[in-house]
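Quick one: structure below, then a few questions.
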Amino acid sequence: MIFNELAIVESTEEIASNTFQTFLKSPKIAASIKPGQFINILPSEYWDKMMRRPMSVASQKDEVISIIYKVVGEGTELMQNWSLGDSVDLIGPLGNFWDGYADKLSILIGGGVGIAPILNLHNHLDELGEEKVLIMGARNSSEHFIDHNPENGVYMTTDDGSLGIHGNVLEPLKIALENIDIQNVKVFACGPPAMMEAVRQYSISEGIECDLALETLMACGFGICQGCTVEFEKKQKTTEHSYRNRFGLVCMDGPIFESKEIKSCHL
Amino acid sequence: MIFNELAIVESTEEIASNTFQTFLKSPKIAASIKPGQFINILPSEYWDKMMRRPMSVASQKDEVISIIYKVVGEGTELMQNWSLGDSVDLIGPLGNFWDGYADKLSILIGGGVGIAPILNLHNHLDELGEEKVLIMGARNSSEHFIDHNPENGVYMTTDDGSLGIHGNVLEPLKIALENIDIQNVKVFACGPPAMMEAVRQYSISEGIECDLALETLMACGFGICQGCTVEFEKKQKTTEHSYRNRFGLVCMDGPIFESKEIKSCHL
Amino acid sequence: MSSVKFGKLDFASPILVASGTYGYGHETKSMVDVNGIGGIITKSVTLHPREGNPPPRIAETSSGMLNSIGLANVGVNEYCKSKLPYLNELNTKVIINIAGTAVDDYVETLKILESAGGNHVGYEVNISCPNVKEGGMSFGVSAKMTESLTSELRKCTSKLLIMKLSPNVTSIEDIAVGAENGGADALSAINTLVGMGIDIKTRKMKINTTFGGLSGPAIKPIALANVHKVFRAVKIPIIGLGGISCVEDIIEFILAGADLVQIGTLNYREPGISIRLAEELDLYCRDNNLTSISDLKGLAEYR
Amino acid sequence: MSSVKFGKLDFASPILVASGTYGYGHETKSMVDVNGIGGIITKSVTLHPREGNPPPRIAETSSGMLNSIGLANVGVNEYCKSKLPYLNELNTKVIINIAGTAVDDYVETLKILESAGGNHVGYEVNISCPNVKEGGMSFGVSAKMTESLTSELRKCTSKLLIMKLSPNVTSIEDIAVGAENGGADALSAINTLVGMGIDIKTRKMKINTTFGGLSGPAIKPIALANVHKVFRAVKIPIIGLGGISCVEDIIEFILAGADLVQIGTLNYREPGISIRLAEELDLYCRDNNLTSISDLKGLAEYR
């Protein structure tokens, strides 16, 4: 069930360099959204662009959801400038959700703005009391807002070595996989295409189960425009939308895909 | 000399129903602009429309000018929301200016948003100690912000009779003209097209000298697009821009035209 | 809302949703009372299933967007099996948009649809999709081919037959007259304009097929001009579309000569826009003492 | 800014200002260092003075505007007397845009300009103005007429001869090839698109001549597509224009195949935009280690 809901802005905070978290009171969406799903946002009543701005949900509690975003253009700048009490037009919940974490060690990998859906899954696993590892990649320490805490399975990496592990997310992933039967592991990743592609290829070469949350331009977000395609590795069996046998819709079939299901994370 | 100046917003006040006065610190324009001239405003840095918004200057003092405007659309809404200290991109001074008031009784007629250039002339005549009559027309009392004061030559009219004289601006104009040699009178008017057209026709039929400040859509405001035309009553003598012999440019040849020079105030 | 006459049909609202911009009508049903829409024109269906073009298929532009979906669709047989049953349940008018690459294609597709016994009131024929390499577009630029395609299709159906025109031509009037002569009941104008975009970072085309179709408010003035040209050229009814985003736009299209309108790109941003604008149009009619918005058809005055 | 080669000429900046959008170069001189502009293309001049179309001549649209000025201009004789002397003093390249209604018109206008001894480096020929009833536009839609007009003009001048193309055609490639075969040194693409608007309050056309020319960012994707089509069809240099509003747009046009660009509508809003964007383009070249922006010509990659 998809809702078109007017949400109320509760607060906005800069949680890392140029990265903001906004809490939105959106009862219908908050009650039904699952970790990994996203919402599609009209940044302003006067928005003159054709496309809403899709954002993963980073937390959900009672009637309130939150989003975490980098300010990269006009849409996100408008979001950052929302005032407390503003009403904001949302469509959601959209897309599929993280799954298959029940009896496994979940390794959660987030990078850049891809941290939101990873954080929401992290919260969810916390609530369930599930075992997990959290890996967050960034260019430098200013982009991080979580402590590097390897003892508790929380790894930060930075390209410049200014915090945590110097290098990319594959380093802590390898550490986390040491002495573990990969049959009992599942990786969940969301981040910049290059990072996800590295994780994807590694997961395939090592035979690790791995789900990736992709991003692409979206005109609608609910399966109508057919604009948000990802190419499948091989043709899929005919589904309700049989014309999707070569291309999946990131908004409906995704945003989460199995690593071996898709051709590439570069869309 | 036309300037493209970044002005600083000093204050904005609602002076009548939905009518705002904003003061802008704009030293170059303030030092050179004359009553009747206008500026062309970029309402916001992110303005995605092609046309600036032209506004007459309502006052000028030291380094500060003011504009008076009704909020009628996106541009004026943005203006009304300018914050103190914002910088605003202006082009000006533009157009010609009120003239010929030296040895005459000036009768100033303003209506609707056309009050701004009339008020500026009024101030100017005050400074010069010149004799004058001020007539302001509106639909109802909420649009007025000056007291009806016939003894001192200040007349308010309203269409609904809620303030001053019940009727249009021609009523007080006729009163003001009683017992006066029309050779010694000059009318200066700015307002909605219907009001100006009534004044124009009356002035022609009575043989009264009368200048009118017109409004039209403007793409540039400084004589380049040729979009802002008014049709002349008869072909004008060839000027620097001889192709203007049938059509005048409101932005350069105007906004002020003699009543008998033009075909109509409905542009 | 008083209904609007269109040929022999009555539309409860003059606001339809455009092909390719509303799927098969059920995708939005949790957000929108789909039956309140004047009519649903389904995504172009072709004889065989088409997987569509590789990504990227869309790009954002000033007040518009580019697309090159490549007519991704399930094919007419699967359409009859899986889409028609749901469409048959709708209480709004359904018009099936068909596309093809040769006359035979179109005819066969239409025949299969005719024999499927749907409740749809007619067909809109896409002869103007600029994103398919093998053809389709060639019909849209030739008056003669448009006429012969129209007359072949005319033979196969007594339902509403609407030809959808392309603006990417020197004279849309010629094509419109071709369709009228071929026996079309009505014309839709316009499809998208040919556009392009380049990602300056990667230096790659923004759209996989290089050229895509431009839609949205950016093209509204062009769409209006084309609707008015078509209005002057033919006697059959017209469905106007291209960039409609507010009730004022709808009134402009009707004043320009349209009988009905379609909303396209704006559906993505606001799935319920056709319902909202129908309400606003009702208010407009009431405020302006119009018994029907049709009273305004073609009333725009020349200066 | 390293200069840009264009045929036999060097342009100090690849950013020119478009005909009809910068007057005769002196109107903005108190606001802008006009000599910093890569080149000024003056408002179309015709054999006889033209008073232009009655108002209203312009209207605002989503990310664009409509205009129908009707080639208001002083006529070529007065132009030589009052405009050329000032233009001769400029330290930027001046290109004179001419318009007409028949081959003879164009030829005579060109001859008068040639004999006036201006410092201008060439001519841009407007065969694509959609707002003049008597003609002009007919050239722009016919490859044959374009070819013969070009070759007649070619005989009269050894200065740069640029034909300015219309997008309102089925195949801009054909017209481009016609101009190339006729001996044009270069092509400008594009002029405005035919558009329309209606004032729903008065129910009158927004533009006096019903149809006007649509310009501004709204048409940029269409302009880019046309520039790229022309680039693939001819070997002569191209000046790209249509909706340019930022440095990214300029880079897109050059990647699509343009050698130079023109800024049109945006000059009205920001008279100094061509200077500002030249600076930004300089920075871009430096940041990307380009010796000249020309290195990017036509480099857009297909997917």
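Lettered A, B, C and D in written order, each chain numbered from 1.
By our rule, contacts are C-beta pairs under 8 Å (C-beta built on N, C-alpha and C of every residue); 3 or more make two chains touch, one makes a residue touch a chain.
Everything quoted here is computed from the prediction, not taken from an experiment.
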| request: Treat touching chains as neighbours and tell me the shortest step distance from chain A to chain D. | output: 2
| If we look at chain B and chain C, which chains touch each of them? | A, D
| Using C-alpha centroids, which chain lies at the maximum separation from chain B? | A
| said: Taking the mean of the CA coordinates per chain, how far is chain C from chain D in Å? | reply: 34
| message | Could you work out how far the Cα centre of chain A sits from that of chain B, in whole Å? | response | 56
| said: I'd like the Å distance between the centres of chain A and chain C, where a centre is the mean of that chain's Cα atoms. | reply: 36
| note | Residues of chain C that touch at least two other chains are 54, 56, 62-64, 216-217
| field | Overlap residues in chain B, where contacts from two or more other chains coincide | value | 48
| message | Please classify the inter-chain touch graph. Allowed labels: line, ring, star, complete, other. | response | ring
| message | With touch defined as at the top, which chains are paired up in contact here? | response | A-B, A-C, B-D, C-D
| said: So in the complex, the part of chain B that touches chain D is made up of which residues? | reply: 1-4, 42, 47-52, 91, 216-217, 219-231, 240-247, 267
| Interfacial residue positions of chain A with respect to chain B in the complex | 46, 48, 74
| said: List the residues on chain D that touch chain B in their complex, please. | reply: 20-23, 27-28, 30-32, 43, 49-52, 54-60, 63-65, 67, 69, 72-75, 78, 82, 216-217, 265-272
| said: Applying the document's contact rule, which stretches of chain C touch chain D when the two form their complex? | reply: 54, 56, 61-64, 66, 141, 168-170, 193-198, 200, 202-205, 207-212, 214, 216-222, 224-225, 228, 243, 245, 248, 251-252, 255-256, 296, 299-303
